[in-house]
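Inspection log for the structure reproduced underneath, given as structure tokens.
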Amino acid sequence: MKKFLNDPKQFVPEFLEGIQLASDGALKYEPKYNLIYRADMPSDSKVSIIQGSGSGHEPAHTMIVGKGMLDAACPGDVFAGPPVDFVVETSKLMNSKMGILHIVNNYTGDRAAFEMGRELCEAEGLRIETLLVNDDVAVKDSTWTVGRRGVAGNFFVIKAVGAASEKGADLDELMRIGNKVVANVRTMGIALSSCTPPTRGTPLFEIAEDEMEVGIGIHGEPGRQRTKLVPATEIVDLLLNAIVPDLPFKDGDEVALMVNGLGGTTIAELYLLYGIAHKKLAAKGIKVFRSYVGEYCTSLEMAGAHISILKVDDEIKDLLLAPADVSIRIF
Amino acid sequence: MAQASIDDLDLVLMTMAKTIVDNADYFAHLDSIVGDGDFGYSLRNGWEVVLSDYDGFDHSSAGALLKKVGLTLTSKVGGVSGPIWGTAFLRGGVAAGDRTELAPEDVIAILRAAITGIMARGGASLGEKTLLDALVPATDSLEAAIGDPALQGDHGAAALQRAADVAVKAAEETKGMLAMRGRAAYTGERSIGSVDAGATAIGVILQAISAAWREKHGK
Amino acid sequence: MKKFLNDPKQFVPEFLEGIQLASDGALKYEPKYNLIYRADMPSDSKVSIIQGSGSGHEPAHTMIVGKGMLDAACPGDVFAGPPVDFVVETSKLMNSKMGILHIVNNYTGDRAAFEMGRELCEAEGLRIETLLVNDDVAVKDSTWTVGRRGVAGNFFVIKAVGAASEKGADLDELMRIGNKVVANVRTMGIALSSCTPPTRGTPLFEIAEDEMEVGIGIHGEPGRQRTKLVPATEIVDLLLNAIVPDLPFKDGDEVALMVNGLGGTTIAELYLLYGIAHKKLAAKGIKVFRSYVGEYCTSLEMAGAHISILKVDDEIKDLLLAPADVSIRIF
Amino acid sequence: MAQASIDDLDLVLMTMAKTIVDNADYFAHLDSIVGDGDFGYSLRNGWEVVLSDYDGFDHSSAGALLKKVGLTLTSKVGGVSGPIWGTAFLRGGVAAGDRTELAPEDVIAILRAAITGIMARGGASLGEKTLLDALVPATDSLEAAIGDPALQGDHGAAALQRAADVAVKAAEETKGMLAMRGRAAYTGERSIGSVDAGATAIGVILQAISAAWREKHGK
């Protein structure tokens, strides 16, 4: 394993401390619950927006805590949802008269922790709603009761409800907006390499020089299929052919188009994929309203990418364009 | 089979804890084949604390002890395993109540309560390739042993060994199953052909408990 | 080689087209010279700021073309400075009455191309000044006439002159500001892995599982030394011990602190390094004015990082904080 | 040695172009040891164009031809090599002027002009581990051959072969040198022990030219 690390078990606490120190006072850090939160929150004039989820997906979710995005994030270890305690203590600390919104990616572990946490908090009088994100079209079979996973589309959900919340939206309104985004976003990914969780120290899976993993999640769990590596244009076809008919996205639609890097892929390659996808959508009469190219939700240093498409209307457009201020910025 | 004391419960819980800590890499490896490779480490995060704090836990009853273990797991274990294992011990603790001696029937009631809790929390049924596929048949075997004259007279050691063997065999059989729960489910058909990490862990843990039990009580 | 690619020779043109398409009209693309430039430039009321350099360092330099940063970038192939023609044609196309600023990283190839290009342009009456960036303290021996390389500190130079230029600064003023930043910025890096240029198809060098390359450049050329991989805290010590005494940075100084990822290192690790460096500087009485954590100048998908420190005064602070608007943004 | 015609110059330039295109991977590999691995590909970018557009170049004089090659390299080759090789051919072209026949002395004058151009452009001297360390001794050898009776009578084939051998040997000797120029210089002491990519390329190219020359003119 070649990483910038001290004790692998301290990986999460150490990078969280780095986030806090880099924030120039904008963020606070509570090591007991892996908790990063806005120094100016909670406030009784704003719903508190919280995400848990596992670590290893950075910048999601700890680095998108900030004005117009999350108010707090309390991740578990790498690829493990947070223990129930983290959810409970974070919710209590972030409690607001306007209530709390839990944004939960649809994984059994995350759901169970947030369900138990919510029960415990509600018993103490907190008001909580839960927004489930499940944008991954790679998970096809509807007879599986676990349902689709939440992947890169999570960013759009947070961006939209975060912006609405800054404008004073109440909990019901945030649920309406969040569910609208969830209903209109679809994602699918491809991995070219594996990744190595620090505690484990070895790659999660082996993959040959000429292979790719189709329909990858974000935890190193295998995708639906392993095939030969094909040229970038064919990869974009493969992803769009799964994503576009699913909603479906149609001639005349306006969309936000994201090419999300999984961690080990260069941003040049992401722009190369973006260019191909943009032109293919244009050929179908689907117009890109705004581009999102970079790392939004990673699997450690895995090489690979997700394409994520969100159908936008005027309300969603405004929310996407609204300002936001988080740790990850280049200036 | 025979009565179990708080002292016996200590033995069982400490054996579990040590087995889980010692096998964390192995369990995580099993989870990496069609899962995300964290299972053993997640469990270890909780059981390490059980191990180090155990002496300070409330030992006044079996219920108090089990509930404290459940709370510890709930607060320290992430992923699916935190809620699943936490709920199992909390529910088991409720079933045990303030007993300080457990009859064989009490042990079965505790296990059944744990199983019901796991099913309620995770929504899984038998045959969906989870730890239930080892835990339920092992519990069935233990329950059957209560009325089996051939398995008496050694303080339950033979019954426990049989249940542990049943668990190992059942875990092995998860190989043929299609995962319907947890992350492995996302891989569809590809989940067939490898054992479930949780079920295998149950087998390993029960074997360790059986060995420790025989060491203490076996003739 | 596992990359999202079609024909490796088309790697640069294809990702440049992606940048243009993602820009929603803000950028134009001229394939003949690998040229990405601001659609609203040139203008006779602003000096045109141009960088060439090789490709493979993305987001530098093509993705930081935009308001408040570069006006144009005309990179060569991966790790090769641009041919002289690119420099000449780009300069002509971007010509402004206020003149042209070439920002050149101190490599023989880049310098030679920009020198020849400048001569040819000046013969046609263009007014050009050249700002040389050479922040890499890994290049120690002053008897080597090639001098220090320009690496991640280049970002600060562009940010400062870009901001000043938006405010109307003339060419002399930009040279003064740019040279002040160059005089106050120091950088050094470590690589944990090699990288694979698309045309080549195999890694540039081999490096064992337990080794690191100290003082790496940004082109996959080896560093000064190969040693055993050590914990993150020791790596930060090693880098700071080379950087801090070099300027030197002193008790009471205020600085901008950058942890630049080389491409394959997770942003979580970069924040982990940041946290350590921030605390070590604080212990020396050096105060971080602003943090910069992420990928600024990469070597394709190489795992590794640079630490870059810029001593700031009030003028530089204002320029760093001024707004800028480039392709790489997350919102 | 003998006169060289435009036809001979065509042979030399086409042989160079093909040799560079064919050896792009090899030359790039050499540059990867203490450099950044682009040398062969950068050169190929320019020489591929020379190859494909050569028939359309102005063939009216040696100077016109060499300058056009220089311009093509300048506009297509990135990195150090573009300015270095471009300048070499441009300066060589100026030295050749409007000649259509080149005496041995003219060839030497062209090479010397190219060398002076390279030194001016890149600032390198002999012994700093660059292509000069092969090109200069090879030129010296060729110049010495003009007055050497043993090397006459085969239209310069023997003289050329000796110069090519000198270049290969000199390139081999760059192994012991410390790089003072280009990217390799950043590696300091580590540059010792591997040959310079540019010098090696000069050896390979001269061997190919010598073989082609012998094929055409040798007895």
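For clarity, chains are labelled A, B, C and D in written order, and residue numbers in each chain start from 1.
The rule is simple: a residue touches a chain if its C-beta (ideal position, glycine included) is under 8 Å from a C-beta of that chain, and two chains touch if they have at least 3 such contacts.
If you're wondering where the values come from, they're calculated on a predicted model, not measured in any experiment.
Think of each touching pair as a link: the shortest run of links from chain B to chain D has 3 of them.
Chain A and chain C have Cα centroids lying 29 Å from one another.
Put simply, the C-alpha centre of chain B and that of chain C have 56 angstrom between them.
For the pair chain C and chain D, the distance between C-alpha centroids works out to 33 Å. Contact between chains, as defined at the top, is found for A-B, A-C, C-D. Every residue of chain A that touches chain B in the complex is listed here, in rising order: 54, 76-85, 107-109, 112-113, 115-116, 138-139, 141, 144-146, 149, 197, 199-200, 204-205, 217, 219-224.
Chain B meets chain A in the complex at residues 25, 28, 32, 34-38, 41-42, 45-46, 74-84, 86-87, 121-123, 180-188, 190. Only residues 2-6, 11, 14-24, 55-56, 58-59, 63, 159, 192-193, 209, 212, 229, 231-233, 235, 263-276, 278-279, 288, 290-296, 298, 300-301, 303, 305, 320, 323-324, 326-331 of chain C touch chain A when the two sit together in their complex.
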